[in-house]
Amino acid sequence: MEAFVSFLDSAGEGMAPWIDTGKFPTLVAILAYAAVMFVSQAAAKRGVHIPIRRIAGLDALDEAIGRSTEMGRPVLYVPGIDEIKEIQTIYSMMILRHVARKTAEYGTDLIVPVKDSVVMAFAEEAVKQGCQDAGRPDAFIADNVRYLSNEQFAFCAGVAGIMNRERPAANIMLGMFFAESLILAETGYESGAIQVAGTAKQHQLPFFVAACDYTIIGEEYFAVTAYLTREPGLLGTIRAADVIKGIAIALLLVGVALATYFADVEGETWFTTFQRLYG
Amino acid sequence: MKREIPILLTVLCGLAITWAFFSPYGPSQAVNDELLAWGTVLFSVAFLLGIGNLVRISLKQISSGHPDRYYKALLLLMLFGYLGVGISEIHGWFGITEGDNLRRDWIYNRIFQPLQATMFSLLAFYIASAAFRAFRARSMEATLLLVAGAIVMLGQVPLGDQITGGLASRWLAFLMSYINAAGQKAIIVGAALGTLATGLRIVLGLERSYLSE
Amino acid sequence: MASATGLDRRWIFLVMGVLVVSLYVLGEAAEMPVNEYVQSYYDTIEALPEGTIVMLSADFDPASMAELLPMYQGTIHQLLRNNIRVLNVSTWPAAPPYTRAEFDRIAPQYEKVYGVDWVELGFKPGDDVAMGQIGQSVRSAYAKDDRNLKPLNELPLLNDVSAGFGGISLLITMSAGYPGILEWIAQAGGRYEVPILTGTTAVQTPDLYAYYPSQLEGFLGAATGATQYLQLVGEQTEDVHESRDRNQARMLIQSWVHIFIVLLIVVGNVLYFVGKRSAA
Amino acid sequence: MIALALQDTARSFFDLEAGSADLDIIGGWLVAFLTLCVFSFLYKDNPFYKFAEHLFVGAGTAFFALQYYQEGILEPLRDHIGDALEHQQAGELVQLGGYGVDAGIAIAARCFAVLLSIMLLSRLVKPGGWAPRWPLAIMVGVYAAIKLTGETQSKLVQQFRGMMKPLTSDTAMAWGDNWQNVEQTAAFYTFAQVVLLVGTVCALGHFVFTFRRTRFLGGVSRVGVVVLMITFGSMFGFTVLGRIALLIERVDSLGGLTGDGYQLAGTDGSVMSALTSPPVLTGTLIVLVLLLLKGRRGDGDAGSGSAA
């Protein structure tokens, strides 16, 4: 082993070593994660069932759509304001398809305002497919997927206008949000709609929690997507993250225990330290 | 081949940079440095491409008689006027040279700076209005959030702390340093695992969605 | 759920505006006690030996200058006062004009010479990649400096800087978001284990508690952190007294507005629950 | 804000050299006017705001473009290659990342970057072509790899390493975020460290989705939610702090324009004293209140809806 390490350290006369041994833990972490992720993804692809916890926000989605149907008012779905390259926008499109299926089944209108022209094409496609999934391709209304503006605050004003004029009974806001989250959530609350919001952008979560009825927080957003789509790649990723978290927590607890045990410097045991401090 | 070569390029660059992270060996650092330089150059070119997009959309709106067409014309005028001054300065055209005090800084200080600073200060008003109209303690979660928020707001500022008899700042210290820190650590770890997953898939050539556009 | 207050939000805007303007006209100041994070930031800089090179990265734009500019000025004062050499970089395109203006104003007070005592390298595009390259080698990240557009080998300070943060004993970033302190922690702290200090906006401040003290030597959080820091710097530097007093005055306005907002939340909720009960 | 420090010195009417600290008179009026234009959005979307907004987008984009052009294209391509050519003539090595490389290789490599840039630009001519994919692929690979390694190291390995510290301490430390620097007892230290540890583990546990939810895991998750909500609460409080600081700064910097230095030729009021003189202010206030009262009788919140 020592010979191996010294080999790694000596790439040549006056040269830096081949490998920085201090970075081994990072290498191990990356490799371990990769191994768990690929094994889980392969398993998910083979059809091995990976259970996903059902999240409260998911039930809220169905509840919100149901309530809109009872009241005979539309559902508003805002897929965030970022471009399609943002992973949250892509997942939002997957959830949109699910929502569109539900609204088509119930015969409720679905309004989708978007800030980006590329996202608009994706949103149209998602709604169309959702209607087909429900067996009601006629439920797709092209005018209800609306490109409002490319400017953040102008888009925000446009959505607020829809909330005030068309009075949707449910506002679903899922995706990447920035400063406009506050204004959207407030206007929606004032219009009396039931609000379900979700984002992995932590800085906007406080406003959603305070002004919406249900909030899907952080990583829950990805779990919701995986639950709805059962996409093997995503399932495997979530599974791997769970396993790595478990290992990390175990290591952390052991590490803290050992650190506490060996905390003493001058030949004390942890017990004498404890006695001296608290006795 | 249309897809294979780009994927090969992604994998090669990705692996070279990952390798250089672990290996201080000279040549791998040199490769790393050069690849990073390419990255920054391409990043800049991509930014300039984005301007082409802005100009195209604005021109379309002007020619189609959009209600905002005069504003769009103003935008383009400002854009090209400023670019003209700046590029002349950079290349020393028309006898305009770059010195200690730049002409483009005049525009920066008087137009860009106050406008951007003010745009974001509008949010202070929206927070006040949302505080009254929409922030409701309707669940255990929302209640906890609002109470913690109020403690932080009062504990941070001199008067707020005085009216709570010094309690707010003590609670603030504990909340921020221990409970907030715990929550932040969990969020950080989750985000890092997400980056790790996406990064691995890209570097190993499994993620190809970025090539589809 | 349809218990909307029915109040036009512009009434609240109006009250808010009148409140801030009238408090500003009154203009009093309040002294603030200093927290451990700010103290640690200050002490870390004080402990640096003379002649050390510090990399100061300006990662902000006018939208956050209210919070970050006072910290930036204070930091430049403290560094130059202690005869520390400063290497200025930036990953935000709108920051270099601030660097230029502040050094124009502050450097002559300490009789500092450009190129020897401080260098401005300016903006480097590329976010994370820019940081990676600045860390990898300043000399290949920049071809010329930002002030005089001279090649780097004509600037004596750069002779003491080598690849991989060699010669740089501390990184300080004034960070307003992405890219900023969290990316520097990954690209400089993670990779090269350089000690890092930061001043950040309020929005980013809560994130930093997770990194202190193991990955961050200290931080100035938001306008409150800036005020506390200026109090510390002001003990030995008269030039920041003006700025310190101004920030202390702002803290008093801030106090009243915070109390106002807490009141708004409380009143809003009382109305909400009363309305809900009478509806039931 | 720095403007105040110099407010009583006389200013020139138009001065190209003046920085943000000491605006010329035209600059002062321009700053005041544009600031008020933006604030007018609070009442309603209006032509003044639209004017300011488009001016902002135009100026901002141009300024950014100049920075990207100079620092991201000219320096790494023109200046770097020029520099490498000088080295080649002198027969020296070019330093790349701290390692000496033959100048010819360095030049060739950077010329390849020029080629890649041109391939990326070809999108302007032929949007769906194959050429832009190469530079795009390189960019994606470079970004992914640098984030992958840096963040794993700092946000997983170093983060967990930092947490592995003793729960006991024999030095009593002061704790206090603001001014109550209360002496912390050793017992309190341990208590706080346990809170931090348990809080972290529970919050992490809340984000575990693929294991069967036992009663234990459910309990962990509930504690985790409490921790997360307090975390969001503190983020909420800090966000309020930040936004209000921005507003106060704006008011302060407008206040800085009240000095005598900003007199317009022929008038005796400075920028802001003209705009904020008691008659003008009271008048504006009355008009605003009247407009708001009128709006109430109309369609309620719809007006502010379009303004939001």
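When the chains are written out, they are named A, B, C and D in that same order, and each has its own residue count from 1.
The rule is short, and it goes like this: a contact is a pair of C-beta atoms (placed from the backbone, for glycine too) under 8 Å apart; a residue touches a chain by one contact, two chains touch by 3 or more.
Keep in mind that what you see is a predicted model, and the values were worked out from it rather than measured.
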Those chains that touch chain C and also touch chain A are B, D
Taking each chain's centre as the mean of its CA atoms, the one lying farthest from the centre of chain D is chain A
Highest contact count belongs to chain pair B-D
The distance between the C-alpha centres of chain A and chain B, rounded to whole Å, is 19
Taking each chain's centre as the mean of its CA atoms, chain B sits from chain C at a distance in Å of 16
For the pair chain A and chain D, the C-alpha centroid-to-centroid distance in angstrom is 23
Per the C-alpha centroid definition, the whole-Å distance linking chain C and chain D comes out as 11
Expected list for chain D, residues touching two or more other chains, is 19-20, 41-42, 53, 57, 63-64, 68, 71-72, 76, 80, 96-99, 142-143, 146-153, 155-156, 159, 161, 163, 175-180, 197, 200, 204, 207, 228-229, 231-236, 238-241, 243-244, 246-247, 249-250, 301, 307-308
Expected list for chain B, residues touching two or more other chains, is 21-22, 24, 26, 29, 32-33, 36-37, 39-40, 43-44, 47, 105, 108-109, 112-114, 116-117, 119-121, 123-127, 129, 133-136, 141, 145-146, 149-150, 153, 156-157, 173, 176-177, 180-181, 184-185, 187-191, 193, 196, 198, 200, 210
Each of the following residues of chain C touches two or more other chains, namely 4-5, 9, 13, 17, 32, 35, 63-66, 94, 97, 104, 124-126, 129, 132, 136-137, 140, 163-164, 191, 203, 206, 210, 222, 224, 254, 257-258, 261
Chain B contacts chain A in the complex at 21-26, 29, 57, 119-120, 123, 126-127, 129-130, 133-136, 138, 141-142, 145-146, 149, 187, 189-191, 193-194, 196-198, 200-201, 204, 209-210, 213
Chain A partner, complex, touching residues on chain D are 41, 45, 53, 57, 148-149, 152-153, 156-157, 160-161, 163-170, 186-187, 197, 200-201, 204-205, 207-213, 228-229, 232-233, 235-236, 239, 301-302, 305-308
Note: in the complex, chain D contacts chain C through residues 1-2, 4-5, 19-21, 42-43, 63-64, 67-68, 71-72, 75-76, 79-80, 83, 95-99, 142-143, 146-147, 149-151, 153-155, 158-159, 161-163, 174-181, 231, 234-235, 238-252, 255, 285, 288-289, 292, 295-296, 300-301, 303-304, 307-308
Contacts from chain C onto chain B in the complex sit at residues 4-5, 7, 9, 12-13, 15-17, 30-32, 35, 61-66, 94, 97, 100, 104, 124-127, 129-130, 132-133, 136-137, 140-141, 147, 149, 163-164, 191, 206-207, 209-210, 222, 224, 251-252, 254-262, 264-265, 267-269, 272
Note: in the complex, chain A contacts chain D through residues 23, 25-26, 29-30, 50-53, 151, 153, 156-157, 160-161, 163-165, 183, 187, 190, 202-203, 205-207, 209-210, 217-220, 223, 226, 235, 238-239, 241-242, 245-246, 248-249, 251-253, 255-256, 258-260, 263, 270, 273-274, 276-278
